[in-house]
Structure formats: C-alpha cells, structure tokens
Amino acid sequence: MLRKLLLCPALRPFLLILLLLALWDLVIRLFEIPAYLIPPPWEVVKQFVAEWPRLLSESWKTTLATLGGFGLTIVIGIPIAMLIAYSRLVESYVYPLLVFSQSIPKVAIAPLFVVWFGFGILPKVISAFLLGFFPVVVSTVMGFKSVEPDMLDLARSMGASRLQTFFKISLPQALPAIFSGLKVSVTLAVVGAVVGEFVGANSGIGYVLQVANGNFDLPLMFAALVVLSSIGVILFVAVDLIERSMIPWHASQR
Amino acid sequence: MLRKLLLCPALRPFLLILLLLALWDLVIRLFEIPAYLIPPPWEVVKQFVAEWPRLLSESWKTTLATLGGFGLTIVIGIPIAMLIAYSRLVESYVYPLLVFSQSIPKVAIAPLFVVWFGFGILPKVISAFLLGFFPVVVSTVMGFKSVEPDMLDLARSMGASRLQTFFKISLPQALPAIFSGLKVSVTLAVVGAVVGEFVGANSGIGYVLQVANGNFDLPLMFAALVVLSSIGVILFVAVDLIERSMIPWHASQR
Amino acid sequence: QAEKPKDKVTLMLNWYLYSEHATFFLGKEKGFYAEEGIDLGIQEGRGSAVTAQAVAAKSATFGYIDVTTMIKAAAKGAPLKSTGVLFQVSPMSVMGLSEKNIATPKDIIGKTVAVTPGDSMSQMWPLFLKVNDIRPDQVKVVSGDGQTKLNAVANGQADLLLGYVMDQAIKLQDATGKPVTPIRFADSGVNQISSGIITHKNLLTENPDLVKRFMRASTKAAEAAEKSPEAAVDAMLKAHPKAGVRDTLIVGMKQSVALYHTQETANQRPFRVAMKNVNDSLDLLVQYGGMDASTRGKPEDYVTLDFLPN
Amino acid sequence: MSQVRLIEARGVAKTYQSKDGPVESLKPLDFAIQEGEFVSVVGPSGCGKSTLLKMVAGLLPISSGELTLAGKPIEGPQKDVGIVFQSAVLLPWRSVEDNILLQAEMRHLPKAASQARARELMEMAGLQGFEGKYPWQLSGGMQQRASICRALLHDPSVLLMDEPFGALDAMTREKMNLELQRIWMASKKTVMLITHSIPEAVFLSDRVIVMSERPGSIAAVYGIDLPRPRPLDMMAAPEFGAHTKLVRAHFFSQGILDH
Amino acid sequence: MSQVRLIEARGVAKTYQSKDGPVESLKPLDFAIQEGEFVSVVGPSGCGKSTLLKMVAGLLPISSGELTLAGKPIEGPQKDVGIVFQSAVLLPWRSVEDNILLQAEMRHLPKAASQARARELMEMAGLQGFEGKYPWQLSGGMQQRASICRALLHDPSVLLMDEPFGALDAMTREKMNLELQRIWMASKKTVMLITHSIPEAVFLSDRVIVMSERPGSIAAVYGIDLPRPRPLDMMAAPEFGAHTKLVRAHFFSQGILDH
C-alpha cells in the first residue's frame, strides 16, 4: 500500500521534494549547522520565491549553454569514439591524449577561455563540452567494442559497407552504453556551463552563484544551486526518456 | 612499416609525448600565443626538471587522495548502483537524488568540506569521491540492467540466492560496463582531489597550482598540470590493465 | 560637443562588483567620462590575473586590478603598464573576531591563521611576521580558498585569516554578526601598492590622448568618491541593484578611500603614487613575491604618471 | 514404477502480455507426470513446448489453472531440478568446465566431488580436451553438450530438457540417447523431454505427449510399453514402428502436410 | 546441370589460434561444388562443418591451401551469397520483418518489392502474424525460420546453410525441405547445406560430403542420383534407403557407435 503510494509516478516528484527538504532540515538540526554555513530550507525557499523571475531567466541562459556543450559532446564525442573503437592506431594515440586532457581541472584552465573567447556564450559552451565529452567517449568505445562478432559476420555476409555496419548494427547495439555515457555527460555539462560562467560570463546561474557568494547571500546561493540541480535532473530525465523511446527492445526495458 | 612503428607498444609513450610537445609548440607558433598566456613547452620542461623533486612528492599526496576517493567510489558506488538496478522503489527515489546532487559544481560546495572535515586529507578524498562516483553508478546500473534474462533464468533454476546471482552472473556480465564507468571515474577523481586541494589543503599538486598561479609562474603551473594529467593517464591505464586481466572473455578483448 | 564621436572603452574590474568599484560608477553617473568623450563599459572580472591577461590580449581597454599582479605579468613579458595606482596603502591585514582579543601583532603568537596559498597576502605574511619578531613556527597556518578561510574562522577551525580590510573583514562581520578586528600589514610597515589602472603598452603610444582623458575622468571620480563614499555606493547600486547591501558597501567604500594616499602623497590627487612606494613594492616582490631578481627592472618600467592630470 | 503424481497440471494456460496485446500461447492443459516417469513432449514449432517447460520449472508464472509439484503449487524455481534450455546459455566468462561447475557452486556442493563428476560427464559427452576452452571456442553441438552436462551435474531427481540433442549429429545423438536412458534407469529420475524427433521420443519415453498447433493444447498422450533397457536396434522393430507411426499419423491428420 | 566448378577447395585447412596454443580444426581438404549443384555436408559434431562454411562464405580466413569461387580466391565476404548461420543471429532491436528486410537494406534493394517478397517468405515459413514481433517473443524454431527467410530474401545464386532446420519439428522440417527443393529447382541455386539428418541430406542433395571426426577431413563423397523432383514418400523407397544406409554405414564404420 505504502509502496504503491511511493511508486505512484504522479506523486513521486512532490514526495521527493518533501523528502529532500525534510532531510535538509534534519541535517541542520542534527548537526546544529549555523545559518552562515548552510541556510535553513525555509530561508532558501523564501529567497527562491523572491528571486524567481531572475533565477528563471538566468537558468535559461545556463541551460542554453549546457545544451550547446552537450550538442557538441554528441557531435564530436561519438565520432571520435567510433574512430577509437575501429582503429588501433587512433586508439593508441588519441585515447591517451583524451585521458591526458581529462585529468586537468577545468577550473584551472577556464580563465584562459575568457581571454580567447570573451564573455559571451562561447566559453560556457566550450567548458560544458570539455566536461561532458569524456564519459560519452569512454562509454561509446565500450559499446562499440562489445558488439557481438556474430552480428558483424552477419553484416559482412550481406556485403554491408563500413558505414552501413555502423549505422545498422554497431550503433543500435552500442546505444544502451552510449546513453549511459550521455546521462553522465548531461549532468557534467551543467557543471561545465556553470564553471564557464564562473570564469567568464555576466549572466547565468553561475554568475548568480558567484555574486551571491561575494555578498555572502547563502540563501540565494543555495536557491541557485537548487535551480542548477533541477536543470540537471530535467535534462537527465529528458535523456532517459529519449533512451526509453529509442531502445525499447533492450533487456533493461522489457 | 610506419604503422608498425607507430603501434609498437614500447615506443608509443615516447612518441606520444613528442607528439604532444610538437602539437603544443605548433599551436603556440600558429596562433602566436604569448608566453604570459601559455608558456612554450621548453620553458615548462625546464621548470619541470628544476621542480621535479617537489612535484614528485606533492603528486604523491594528490595520488593518495585520488585513490582514497576512487576506493570510496567503488565501495559505495557499486552497491548503490546494485540497489538501484534491483529495486524500482530505490531507483525512483535514490536515483533522482543522485542526479540532483550531481549537477552541483563541486567547487561551489567544497569550501564547506573544510568546516566538516578539517584541513587534512579527508576533504580531498571526499571531493574526489563526489566527482568520481556518479559515472560508476550510471554505468553499473546500465550493466546490471543489461544482464540477459536467459542467464538470470539459469541462475534461478539452480536455486541461486540473490547474492550468488549477483556475484556469479550479474557482476561478471556487468563488468565491462562497470569498468567503463571506473575509467571515467578515475580521471574525475583526480580532478576532484585537486579541487579539494584548491579549497583547503597545505600540500598536493592543487596547492602547487595555486601558488604558481599566485606568482604568475605559468611554466610551473603548466608543469603541475602535466603532472596531474600524467597521474590521470597512469591511473586510467592501471584500470584498463585490471579490466583486461579481469574480462579476457569479453568480445572487446578477443 | 554632441558631434564629437565617443570612444568606446572597456574597463575590466578585478572581480565581481564590490565596494571599491563604486568609484567608477560614480564617475560614470556624474558624467566625467562622457565629458572626456568616453563611452565607458564596466566589465566584471574573475581575478586580477585574468584581467591582466585580458588587457594584454586587448580584450579590454583598461583594467582595474592589483598592480603587483600586473607587475608579475609584465615581468613575464605581458605588454602592460599601470597608468595610476589608486590603493597606495595595502589593504592586507590579518583579522579575527574581536571576541578573541587579538588586537596587536604579538597576540598572533600561538594562533591558527587561514591563508590562501600563493596569493599576495600569503607572500607578504613571512615579512609581516619578521618585522614583528614572530617566528614562523609560533603560528599555525592552514590553507584554503577565500570562502574556506571565512568558513574556517567563522567556525572556529582558525582564529585568524589573511584578507583585505574592505572585503573579508566586512564579510566575516556580516556572516557571524560579530565585530571583527583587522590588523593592517601597512601599520607594521609592510606596505605594497595595490589596486590601480592598467592598460596595454601600445595604447600609450597609439592613443595617448585617450589614456589621458580616461585618467582625468577617473581622477575626478576618485576625488568625488573620497568626498562622498555614500554617493558612490548609491551610483553603483543604481546601475546594479544586486551588487550588494548598501550599508555593507558603504563601510567597505569608506575603508577603501582610506587607502588612496600615503603620507607622502596625502596632498596630491588620487592615482599619483610615489615612485619610492613602487620601488619598495618591487623589492618586496623580489624578496618574498617569487619575482626573479633579473627581471625586476625599475619602477618606471611598470608605472607611469605621465597620463595623470596635474 | 511408483504411481505418485509428481507433476500435475489442471487447466494450466499461458497468455503472454506484449505491447500489442496479449498472445495466447497455451490453451488450458491437463496432464500429470508420475514420479520416475520418462515423458516426452512433441509438437509443432511455436506450439508452446518451451513455455510449458519453463512453467513446470517455475521460471515463468502460469496465467491460470493449477500446476503442482509433489502436491505443492509451483510458485518459483524448484530445488531438485536440472534444466537444459533450448539454447545452451553458457556464461562467456567461464571455461566449459567452470560453466558445468556453476551448478555445484550455486548449490554449495563439495568441490572435489563435483569436479570429478564434471570430468566424468564431459567424457561421457565427448568433451574431454575442451575443459579449459571458452564457449565461443566450441562448435554449436559441443555447446549443447556442455549444457547437458551442467544439468546433470547435481544428479537432480527431476530433469527438464528442451530439445537437448537438436544440434547433434545422428550418431552423437544416439549415443547421448543411450546415455540418458542409462542414467535414467540407474537413478530413476523423472524426466520431461521436449524433442522434435519422434523416434527419439518413442525410444526414450514411457509416455509421449503430442501437442497441437499454436495456441498449444494436448492432442494425445501415447503410452510406450516397450521393454527396458531398449537397445538402439529396437528402432528397427515393428512395435517401435507402430508407435512412431501412431504419433506421426496423429500429426499428419492435422493436415499440416499431405504425405 | 552445368559442369562449371563454382566453389573449389585445394588443400584448404584451418587451425584456430587460441591462447593455449593452436587448435587444428580441419585437415587439408579437396573438393569442388559445381554451379547449380546441391551439396550437403554431414559429419560428427565439432568436426569443422561450420568452420568450413564460414571459410567458403569468406567470413573466416583459411590457414592454408586455396579456396576459390568462380575461379577467384575467396578473400572476403562474397556478394551473391545467402547465409543461414547455425544460431539465428537476429537483431534484438528489429522486428521479425525488419530483421528479414535488413538484407534488402544492406544491399540497397527496392523497398516495396523486398517487402512483398519478405511477406511471401514469411508466409512460406509459417511466420504470418509475427511480422511485428521482436526476436525474443518468438519460439526457437520460429527464430530459425526467420533467419532462413532473411537468407533467401535477395534470391542469391549461392546458398550456404548451417543446420537451418535443426530446431524444427519433423513436419515443419519436411515442409521446409520441400520448399527448399522447390526454390532450388526453380532458380537453380548452388547450395551447400550442413545438416545432422542423413535422410534430409539424401533427400535434397546431388552429392553428400561425409566428414570424419575432429580434426575434420573428407571421409567420402556420395552422389545421389534419385530423380527430381523428389516427393516426400520417396523416403520410403528402397533406393533412398540404400543411399542413407551407405552414408550411415560409413559413419558407423568409424566405430563411433556399434549398431
């Protein structure tokens, strides 16, 4: 009965939010966290309501940058992964370079973006792309390499070209893996966009965060973080829904 | 012939490093990037050699924190993923919370870590853990959900307990997916450790980075970034080797 | 005068808006820049180093940053020069909650201090200890970024932090609701020039007139701000209502204008720094700031007063 | 032979739920299998044989009716059962021997004894020399034989087999038939065997259940009263021919194929 | 029948390289298949039949010798060939019909005509009503039939089939045998069929190649000179029995099993 209620899809988001607020409140009371470290939930809710129009319009800009970076991730990451999966030579040179670039904290090099790309949307998009694309590459490589030899034999027996084999055999079979990468990627792209906004933007949630931080306005800062997380959740759910509609045949969906 | 030389495993790292330096030099000459934006490679190499003992000892501390966080990632991330994969209830509540937490830029909340965990290695470890664990969770969930129904039937027909099914069927089959998550995770853990060092640590490569940044010592800063990337590559390769030895049966390894 | 085409000029700040920036908003509001034929755009920054790089790359016309940071960049080859130093007294200080009764340098002994590794305050810290006869092992140092330092002191993990009088001192006070006592480095004789205007060297030869006009307007703005910090803050808040809390900003602004002059320059107009002061700062940079002695140069290599009004 | 009804089905039916509506796979069935009995199931492709076997194994819920094992309703996988699936279902990360030993590991059987028995079974199935090979290094028939060994490892009292010999050549198949008969006679297992070979069904069974086309139902049940043990050349005997004819005739009377 | 040698093997051998050393699967073989000929291959499980078929298909490199198709060495997959693999190899993300149409898509055949032909083939194979179902919603035999339809879709002049009817019941199998004979006679394809059923091999083939145990070699080749078309009841004829006996006897002379 309770289980059923808890699983009801319409109620779930509300229950979740309640749960989250309760948890938050509990932690603050339990550990006696002062308001200048973590503000109590109602303060944040108040600030959230008060600043709602601004948060909404700023979050829209962050979302745009995130989607731009995520789009680049797909357009650049998947083909690179393909090349890595298919060519030992590319794998042995490009893959290490990617890994090499990946361990650099973006916050450390992001200031250079400002110098190169100014204060527009570009540095945010690039930062979102840089943070997001590695998980997609790794997952996609794994997906392509897991394609069953039998199926490749089948394609070869049909005289399929490399491209056909890719689109009709490898890609569909790698889809679950690719989507798992995309899900990680999309949340990282949000972080990337915000890091981009930290270093070079006059708008977006990252900007609000920094300003709130500078003013020691913790309730606003946390409200901004909540908005940010919500963007992440919404994009994640969107990717998940696309996945469900694109791979209904997969064992995980039966 | 050239192909063979390029693929020779013993030569590859050296060729790669040469390639990297050449690329770097090329970019600087091509775009006429002045030394106060990006230092030329030889300056960095010089600084690298000069500061080598210090870089080595500091990188050791960063590596320790990374490994600590990565260890937590494995120990906490995989069981959580298991629960998500097996229980619809857990999935519908814990998964969104994880996604929610994931879109928060760690740099924004890391300053709180110091308050809770002091100035030792702990905040670094936690930061490394927080950055690294989501990719492992997503990949592992995908891996467990992809387990073939036939194999689960087989296990059930043998009267296997849930635990046995997990260890003997699901886990091995999910391993390629888990490892793909671990590979992303380990490079992110490096970033996490450094972010942890940015916000509160008296040692580590993150500390060196900050000092170099303060002194406008770009060669040292880039040398530190190279060390950081190398830590990432080495850990990635280590995970890859473990993967190869653990799943020699997989299609990707045949 | 209306026909005269206006020069578009970008001034990139060192950070997001806070109190000391109000000067430029006041100048803009009073029309000082417009009078000089300058259409001024004020751009928030992300740290002095980034602004230095942006000005060097000509992404911004002028920068308002910590001049010692610019000196370090210029020593590495960045084509930058300061055309006027606004903060001639260093805002650096070590501060803690007043309830801890740490009021003089000697009180620091045995305490824990939070610093940000590599920043200019952490670099001057050893000197500050030295001139006060405190051995480095008599204080415990913990490291963290700006936010972490505040958290550490507010939460008791550290007794003190290194910060700017017009910035961290006020933040700490606002956060904890308790009074804060800053001990200025400058009061112990450890002084370094701080915020000032910088620009690309080429601009000085290509368009000296623009630089002159800009500095003339800025000088007037600084003078106006000295006279009425409240008006400056109000001008900034008018342009950017979210820039902060008025009362706090006014406190900060008052602290800021107090740094505009040393005793030697007390009777001169703002931005006119004493070259001896610059020279001392260079010495400190070489001794403590990680600057290579071979690249030290002369004060005139970094700062010029030629573009300032009389 | 004891007369205890080990497996009993009363009105057992199965309808799969799929996205484009329900698929009726089995009409209500009634049958019983005695303890120690050897029963074969034959029927056209797609009539629901595998479905039935999985329900008896407790791996698939029934849609209606009552299905009991030793009097208790089958609600989940049964313990003392060995199953050969229609496809070999070998774990790609385990060698042939380790695949067979999985049965022992899951059931916590003593290791050494299981290993000895696994070797014995592999020898019986002609897999010696391939113990350490991975499934993808085996031929189709060898994979199937490995899965048979796995089902026999724990010496279950009930054996459910879904076309276990389909991928084997005639000789290997006959050899495996003889082995299965020997094992069954020695240990008195209850066996339910799905097969497409009518001679195989007659040769091995006490009774043959004949199913009709999709959605499946039981068309007839034939008792095979040939003496045991049955040598291979009994296949040439007229009584044997009579039985196969009966089963076969039953099939063709459905008009699937004019003879 | 034309006398052009379409497929020719001279000293073709295969040794698999595996981690624990090489595995010799086929000893050097010599044989030829004429254009339009129907040749079956029978032999014990694991003797290398599938290996041979994959080499003829150009999917597996030969280890030594010479293997030619229409005089040219086989170095990669051949164009005008249809293959039925030992396992169905259906793509789980495609419906049955789309799995069959994959052949047309890969070969850029006109869509409407292919669709019509796919429907026709599915009807022939008794899959009508399952066009939109996914592979895992089919029974084992139905999956195999779908893969046969796929191999026939583009009307290839060479057909390579690896135990295509192994998972089918006797009737469906006989029906498919008749269909295959009809298709072969109508379009004069060259067919190489691997089967475990000696009657099936004799019924369908011009020649039957008998292979010996692993590592495989050719033990004998039998010409089957029965008149065409062959009705099912020819299986009861004494000439037919003589042929099957010959093949079977050959097998048992290897001492695999005493009769």
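Note that the chains take the letters A, B, C, D and E in the order they are written out, and that residue 1 is the start of every chain.
Everything that follows uses one rule, which is that contacts are C-beta pairs under 8 Å (C-beta built on N, C-alpha and C of every residue); 3 or more make two chains touch, one makes a residue touch a chain.
Nothing here was measured: the structure is a model prediction, and the numbers come from that model.
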Any chain in contact with subunit B as well as subunit C: A
Those chains which touch subunit D and also touch subunit A: B, E
Between subunit B and subunit E, centroid-to-centroid distance (C-alpha), Å: 50
CA centroid of subunit D to CA centroid of subunit E, Å: 27
Centre-to-centre distance between subunit E and subunit C (centres being mean Cα positions), rounded to whole Å: 85
Cα-centroid distance, subunit A relative to subunit C, in whole angstrom: 38
Sequence positions of subunit B contacting 2 or more other chains: 37, 112, 115, 149, 198, 213, 250, 254
Where subunit D touches two or more other chains at once, by residue number: 87, 136
Per-residue multi-chain contacts in subunit C, two or more chains: 49, 53, 57, 147, 151, 155
All pairs of touching chains, each written as two labels joined by a dash: A-B, A-C, A-E, B-C, B-D, D-E
Complex contact set, residues of subunit D against subunit E: 16, 18, 20, 23, 42-46, 48-50, 86-87, 126, 132-133, 137-142, 145, 163, 166-175, 196-198, 232-233, 248, 251-252, 256-257, 259
For the subunit A and subunit E complex, residues of the former touching the latter: 150-151, 153-160, 164, 168-169, 172-173, 175, 247, 249-250, 254
Contact set on subunit D toward subunit B in their complex: 54, 57-59, 76-79, 81, 83, 85, 87, 89, 91-94, 102-103, 105-107, 134, 136
Contact footprint of subunit B on subunit A as seen in their complex: 3, 6-7, 12, 15-16, 19-20, 37-38, 88-89, 92-93, 96-97, 99-109, 112, 115, 134-135, 138-139, 141-142, 145-149, 176-177, 179-181, 183-184, 187-188, 190-191, 194-195, 198, 206, 209, 213, 221, 225, 228-233, 236, 250-252, 254
Residues of subunit A that touch subunit C when the two form their complex: 34, 36-37, 111-112, 114-116, 118-119, 198-200, 202, 210-211, 213-216
